[in-house]
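Just passing along the structure, written as structure tokens.
Labels run A, B and C following the written order; every chain starts at residue 1.
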Amino acid sequence: GYGRFGASYDSSKSGDDSKSWIEQRLRFNIDALTTTDGGVEFGGRLRLQYDNRDTAAGRTTNTAPALFYVSYGGLRVEVGNVNTAIDSDPLIYNSEIGITERSFGDPRSNFWTYNSGSYGTDNRSGIYAKYSIAGFTAQASYIDPDQVSDAHPGADLRSEQSVAFSYETGPLTVSTAATWNGAGKKSNTVWYAGAAYQFVEEFTAGLNYIDEGYDGTRNGADYSDLGKTITLYGTYTIDAVSLTGYIANNDADDNKSDTVYGLGAAYDLGGGTKLLGSIERGYGSKSSDTSEETIAQLGVKFNF
Amino acid sequence: GYGRFGASYDSSKSGDDSKSWIEQRLRFNIDALTTTDGGVEFGGRLRLQYDNRDTAAGRTTNTAPALFYVSYGGLRVEVGNVNTAIDSDPLIYNSEIGITERSFGDPRSNFWTYNSGSYGTDNRSGIYAKYSIAGFTAQASYIDPDQVSDAHPGADLRSEQSVAFSYETGPLTVSTAATWNGAGKKSNTVWYAGAAYQFVEEFTAGLNYIDEGYDGTRNGADYSDLGKTITLYGTYTIDAVSLTGYIANNDADDNKSDTVYGLGAAYDLGGGTKLLGSIERGYGSKSSDTSEETIAQLGVKFNF
Amino acid sequence: GYGRFGASYDSSKSGDDSKSWIEQRLRFNIDALTTTDGGVEFGGRLRLQYDNRDTAAGRTTNTAPALFYVSYGGLRVEVGNVNTAIDSDPLIYNSEIGITERSFGDPRSNFWTYNSGSYGTDNRSGIYAKYSIAGFTAQASYIDPDQVSDAHPGADLRSEQSVAFSYETGPLTVSTAATWNGAGKKSNTVWYAGAAYQFVEEFTAGLNYIDEGYDGTRNGADYSDLGKTITLYGTYTIDAVSLTGYIANNDADDNKSDTVYGLGAAYDLGGGTKLLGSIERGYGSKSSDTSEETIAQLGVKFNF
């Protein structure tokens, strides 16, 4: 697991909400595994996590539903609170910076991921499979929002499907992924393709393209197409210092500006500890009349 | 602890409820103990458990109230969230099969056990003692539904008492147990006696007799005597494969059929991992007009 | 962590509330830390705790919000669910006895401490720093009741500040501490000074003085000045047995008696296990017409 804490600033907060606060997350993964005589590995994971951003379950450390896995050779199958294919793509989050590892160049769409807290009222369950061979990795996931009941009070939830493929050869990595009915919303489809190239040992750059899904309700007044996102990013590393910058363009109607950018720095203190600083400028929002937000963070992340 | 997952089928589910689902449980026992200079062991246990069947506390991993124990020689005393005597009988659950370790030949009555989740609104607390000497084991438990307040809103809860005695000599094990005010319900009395005999190294068979308690409210319209249960079971083991079958008879008025049976198979994969399959046929219910249900399971259980 | 359990008696309980019960607490601290190349230690702590006195979160084991710390040489800085300065004073709780480590000579005032359970609805966060050099220790803490929002529904909560200073030289320890806006209540100020002296190896005695804060609402009908508390205590240890006695005087108007006293005995069983007994007599309360209460405890505490 890891811990992270530091100062966080968001210019878009207003009214009673503070623009700055102490960002905090402490994550413990409790893993258990055993190996059969035939070399098949069976395992399970629980997670205990405190995050100051969690509002559910009364402001304390939350537990996560269980993830089970079977692993043999290059194949890994997960059951329960599984990872999803698009969320496990090796390049899709490569432009992230700062202590909370975020980026305006990330996908803006809704889709499910491994769930660090309670499911809420759903009896959610998923299956995920990953197969790797000779630099090539294929992933697929299927999430049933309620595996016991077909009655979803107040929500027309669908099963989410996702696939991802990636290939790594020398300095080049390419990947593509897609999700259908993202986060259980009908016809909420996300397409993604990306590539990264390590030009020299110190410098890697990449490009991501995302055909986003939608926000709000599909046929509702709050429906909002999230457009297409193109993100260019690069990371330059010298000794213990690493600089990451990105610029991204998204054409959603709700944006006040279509172009966003960010710059992050990481200083490796050793022992799995990094000092992280970042500053980013966002899209703003016409519908909520929010100017292009500035987000800045400075803090520490330590792994254990 | 252990993990278990697999396919589960129950023909009695209807309407919005799915007849099949992925069964999931992940259990971590967190134990702590210390030994005094005089050789007395003091210990405590917390449990973290995710079970897809849990509906309380919002579909996530739950914590259990604490169990404390003192152990010296053949004596063990537990305080708090204790085991109960009848639930700790060595033979009473011997006909269980499948990944969820269940059987229609189990007691049908309500009584308390170690509680894997929250107590709810009760301030429950118990005491349990176990003494073993020369093949003979005596157990007793006392559970106070609310040790702080005598006011139990909406429930006339009583203290539950339970005792169990067992004796093991060579291939023969015999045991008997009883519970009064099972699960805190007045006059909900359960009597049990059983025996198991290991005929050859590969084959063990046994017989359990249970004079069950009641369901519903004691003087209410929903009162239902749970009758008497007789369960005959046998387990045949050869190499890594183990087959368990049972046939049981219960004479409760609400049964559509009085005879139930089940067959289970276990394949030991090594490393504490077992592949488990089972199929069972149940009693059905006249009051809820449910036919004799078929329950089938296929999955894996791994210990760690 | 530790476990403790035993019999507890409180003569002031009445009506439906039982005067005696089985006291129970099981505490697991889950710590993680890493050290940078420069020798700075970064760490985090989660706590899992069951306590029969907890009423929140449905009678089960609770999780605590995360505490983060950075430590280097004699300096330690905490962020998040931090310790507070006055609560970390080395002498302020020295008169405590029994399995729940309590005393009528403790401060009666409200102030925040490390929180073993959920914050409730608040987004609380604090900072704490401690610096030790050559027998001298300075501590300071600042707790923001809601670092994100300034709107505190139904409560006029303030930030709590606290400082503590202590000095240890040979057999003598002196300390002083103060808290402003204790527990977020405006003008709820607590002053404290104390000293302890080890007369011989077997006997230590000390004196604490506390100018308490208030109870109830500041300008409300339920306002109650908690007065001044003077506590004299002494501990006599011989071999495995330790006896602690205290006598304290408090002049709050609501007291039926202004003088309280207690006597406790501890027997060290080895292996971090102690047998603890105590008996105390309290202040009583005019407003709730409660006589001077007698509190008695007998039980075991074991560390692990």
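Here are some notes:
Operating definition for what follows: a contact is a pair of C-beta atoms (placed from the backbone, for glycine too) under 8 Å apart; a residue touches a chain by one contact, two chains touch by 3 or more.
Just so it is clear, the model here is predicted, and its values are computed rather than measured.
Of all residue numbers seen at the chain B-chain C contact, under half occur in both copies; the interface is built from largely non-matching residues. Overlaying the C-alpha trace of chain A on that of chain B calls for a turn of 120°, given as a multiple of 5. Centroid to centroid, with C-alpha atoms defining each point, chain B and chain C lie 41 Å apart. Shared interface positions of chain B, defined as residues touching 2 or more other chains, are 57, 62-63. Contacts from chain B toward chain C in the complex involve residues 30, 32-38, 40, 42-46, 56-57, 62-66, 68, 70, 79-80, 117-125, 127, 147-151. Chain B meets chain A in the complex at residues 1, 3, 5, 16-18, 21-22, 24-26, 28, 48, 50, 52, 57-63, 269-273, 300, 302-304.
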